[in-house]
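Common to both upcoming complexes is chain A, partnered first by chain B, then by chain C.
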Partner chain A sequence: MDFLTTYIALAEIYVLLGLSTNLLVGIVGIFSVSQAAVFGVGAYLTAFLLMHSSTPFPLAILLSAALCILLNIIVTLPSLRVSGDYFVVTSFGIQLLATAVFTNWTGGTGGANGLPGVPAPILFGHEFIEPTEFMLLSTIGMALGCLCFWLIMRAPFGALLRAIREDELAVAALGKSVLRAKVSAAALAGAFAGSAGGLYATFLSFIDPSSFDLDASILLLTMVVVGGARTLAGSVIGPFVLLALPQILALIDIPTTIAAAARQLIYGLLLIVFMLFRPQGLLGEKL
Partner chain B sequence: MTAYLQVTDLNKRFGGLQALRDCSFTIAKGRITCLVGPNGAGKTTIFNAITGFLAPDTGHVAFQGTSLDGKTPQQVVRHGIARTFQNLRLFADLTARENVLAGMQDHVGEEPFAAIFRPIHTARTLAAKRLAALDVLAHVGLQDRADTLVRNLSYGEQKLLCIARILATGADLLLLDEPTSGLSGAALTEVMALLRRLQSEGKTLLVVEHNTRVVQQIADDVLFLHHGHLLAHGSPAEIIADPKLAEIYFGGAL
Partner chain C sequence: MLWLNLLLNGIVWGCALGMVAVSFSLIFATTRFFHVAHAAVYGLGGYITWSALKHGLPEWAALVVGVAVCAAVGAAIQKLLYERLDRSGATHLVILIASLGLSAVMQNGVAAIYTSNILQFGLPWGNRTTTIGGALLTNTQLLTVVFGLASYAGAMWFAHRTVLGKRMRAVASNPFLAEITRLQPRQVHVAVMAIGSAMVCIPGVLVPLDLGLQPFGGVPILLTATIAVIAGGVGSITGAFLLAVVIAVLQNLSLLIMPGEWSIGITFGIFVIFMLFRPRGLFSS
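Presenting the complex of A and B:
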């Protein structure tokens, strides 16, 4: 039972994160490979606040979201100056920088050893310590994220973001501010990633840099590609499919060292196969 | 009396190329002015300079007595000037109606706050704007294609949609970059009729046009540009009757 609920709760957190990536990469066309870094900042801040201060859980999540809004705006701003391929390289640098900080700032992040003992969330005096209980929180988080995403995509803001992806110059020629729209989208994506980070840290009660490195960013992109870019359904199904993979491998009787390598291998293959044969993913539009 | 649009002594140099050289002219309100000249004369550069896409090295642009110097493209649209592009630049993965909606100003819910926290208000106003967009499409004869993706429209329809999209901005001065290029027959006639109709509705048009037959039929005034400099300004008949200009235009003489 715990096996299943843990999987669902984790997948729900990744859905929130997938929405963040899909909004930037799929909808606006800002090809960020550093979303795991922003996710990590949210996770570390929530962990730090809960471990070293008496900040209540909801406030810790809000503060993490706020910091990640700011951070994501800053790391997305280069996309206004450098376009397309060049931004990928910039974003790559940001991800490496973040991993270096996560790994070496032992005072704040615990370095490579990570931060053990992050307290479970407490809400209305109740401690959400069992996976089944936590699943309630992650489900609410995911539902709120999906609702926001859906409302945005049906509003003129969604149309503006899609137009920006196609032709920024034409958007400017129609009297719209590309800067404002991009900053808004980055802020939203930051809020999603930051709150996902907070949920992640309190759910696992242990975080270390390996959850927020370049591999993690690429896993996120794989989720978006396999699930389907640009759609809500795609963002939801991607994490559920990809996180099921390690569980299925765990059921097959192979040594854990091989299983870890096999997982990476399968992620890589999935990315290639989907890009070649089904670029729209399972439930999405063509990237 | 101040000119409707006043362009004064524009200069722009791209490396070794003097794209605009002391270029000055005025546009009168309510008229169709055609901007002609051989390839590379600086016609599109002028459009870019007027609409804020390009900062001239020196010179000024004023619209209805207000200076547009240093304004961004967004601000220029707010002043009531909108432009089309030679290579269309439509949003190909959006429908015709969504392209027109993108041109409309002051949408509720065009930022995330209203979209998320005022969803009903956003949806209601969007429904009204979608109907208004249909009217704009009807104006150029595309009402039946409203929900077709732009990539599935014919070239002629795409050219009409470009005009619909800037009409949606509410601009009074329309800068059209080769609205008839690549068109022939019925599609060409349709665009020419549309331009005249827009004029009769009070719009002012500045049109980059290569087809001398079209110029003769639609232009009230013609600006002849050569090497980034205004060589002549007159009625279509005057410009076409000038053998020197004809030689530059057709003979490719330097």
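Presenting the complex of A and C:
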């Protein structure tokens, strides 16, 4: 039972992250491979606040979200100046830089050993320590994220974001502010990633740099691509499918030494196969 | 004398990086696909050469095997993956995601076969030293400089003096015109991918001679090389090579004032400065 609830809670956290990635990569067309870095900053800040100060849990999540909003705007800003392929370099660079900070800033992040013993979230005097209890929190988080995403996609703002992806110049020519729209989208994606980070840290009570590295960013991208880019349903189904995969792999007899490599190899293979034969993913629109 | 050693190390490292940058520049300027899997080809070259050595081939033959395999792999990637995607009208985003996937497949495939532990070449001649002007250089380092300069000269000769090179530059500067004048861009793309992949095998072998083989070492190196390509001006071979040396020297000299873990910050800082003040690069036409 715990096994299933843990899986669901984790998948729900990744849905929030998937929404963040989908918003940038799928909707606005900013190719970002650094969402795991933003996610990590959210996780580390929440962990730090809960361990070293008496900040209540909701405030810690809010502060993490706020910092990630700011960070994601800064990270995405270069995409206004450099287009397409150049931004990929920026994004890769930010991801590697973030990994360097997570691994080497031992004072704040515990370095490669990570931060153990992040306290469980406390809300209205109740400690959400069991996975079944925590699932309540992550479900609320996911529902809020999905609602937000759904409302935006229906609103004129959603149409504006999609238009920017198709033809930035035309949007500018219509007198719309591309800058403001991109910054708002980046802020929203940052809020999703930051709060997902806070939930992740308090749920697992242990975080280390390996959860927020380039492989993690590729996993996120795989989730969005396999689920289906550009749609809400795609972002929801992707994490559930991809997180079930390691469990299925565990049934096959693979030596533990190559299990991690095999898993990552399969994620890569999924990316190629989907791009070749089904670029719209399971429940998405064509990229 | 510390700074002199760091400077020399920087130049040596810059020659290795320069080969990666020049090879990536050839591919990127011609195909316009952001070939992330180039990092994995770089890694593959080292491992293939290592295997050939362990099967008893002499050093030069092992290198030839590595280069040939990389060239074939590069051509196959273009033919079987990028060209297919391109024909089906895929956007650059789709090709990029596929390339990222391929990179993950190749690197983790290598890790699964050879384990992710560091493998050493264990060639005794590589560590023997020569003194040049008061500084110690190992044979591996000398070889890196020789191969680096030769690769740069070779790439310049290829691009400007051969028919294929001229076709390549024509395709790079105007794909549509190249298509209607029967320069057959798709063939050129395959050839350039093969040449670029062959070239990247050389630093893929020389760098691990000193540091050992690691399956995931290619990504930061490719990123640094890409920054050199962009800062040098896309399409300029000289720019790519020169900027690679400059970045490598700055990375090494930065060790005087800060620990090595942060050198990615220096590289990235250079990129940001270029993006702000000269996004087209130094040597762009």
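The definition used in the following text is that the second predicted complex is superposed on the first by the 283 of 287 C-alpha atoms of A that agree within 3 Å, B and C clash if a C-alpha of one lies under 4 Å from a C-alpha of the other, contacts with A are read in each partner's own complex, and residues count from 1 in each chain.
To be clear about the criterion, a contact is a pair of C-beta atoms (placed from the backbone, for glycine too) under 8 Å apart; a residue touches a chain by one contact, two chains touch by 3 or more.
Keep in mind that what you see is a predicted model, and the values were worked out from it rather than measured.
Bringing the complexes onto one copy of chain A puts chain B beside chain C with no clash. When the two structures are aligned on the shared chain, A:V88 is found in touch with chain C, with no touch to chain B.
Of the two partner chains, chain B is the only one that A:P156 touches; chain C does not reach it. Of the two partner chains placed around the shared chain by superposition, chain B is the only one that A:S184 touches, whereas chain C remains out of contact. Of the two partner chains placed around the shared chain by superposition, neither chain B nor chain C is touched by A:A250. Comparing chain C and chain B on the residues of chain A they touch gives the larger count to C.
Within the superposed three-chain model, A:A172 lies in touch with chain B and out of touch with chain C [touch as defined at top]. By the touch criterion stated above, A:P78 is placed in contact with chain C alone, chain B being left untouched.
By the touch criterion stated above, A:L214 is placed in contact with chain C alone, chain B being left untouched.
The three-chain arrangement built by superposing both structures on chain A places chain B and chain C 80° apart around the Cα centre of chain A, to the nearest 10. In the superposition on chain A, contact is made by A:M275 with chain C only, not with chain B. Remark: least CA distance from chain B to chain C after fitting both complexes onto chain A is 12 Å.
Against chain A, in their complex, chain C makes its touches with residues 28, 32, 34, 36, 81, 84-85, 90-98, 100-105, 108-109, 111-112, 115-116, 215, 219-220, 223, 226-227, 230, 259, 261-262, 264-265, 267-268, 271-272, 275-276, 279. Within the complex, the chain A residues that touch chain B are 148, 151-152, 154-160, 162-163, 166-167, 169-177, 180-181, 184-185, 187-188. Across the complex, chain A is touched by residues 51, 53, 72-74, 76-78, 82-83, 85, 89-94, 98, 101-103, 105, 107-112, 114-116, 119, 122-123, 126, 129, 165-166, 169 of chain B.
On the chain A side of its complex with chain C, the touching residues are 25, 29, 31, 33, 78, 81-82, 84-86, 88-90, 92-94, 96-97, 100, 103-104, 214-215, 218, 221-222, 225, 257-258, 261-262, 264-265, 267-272, 275-276, 279, 287.
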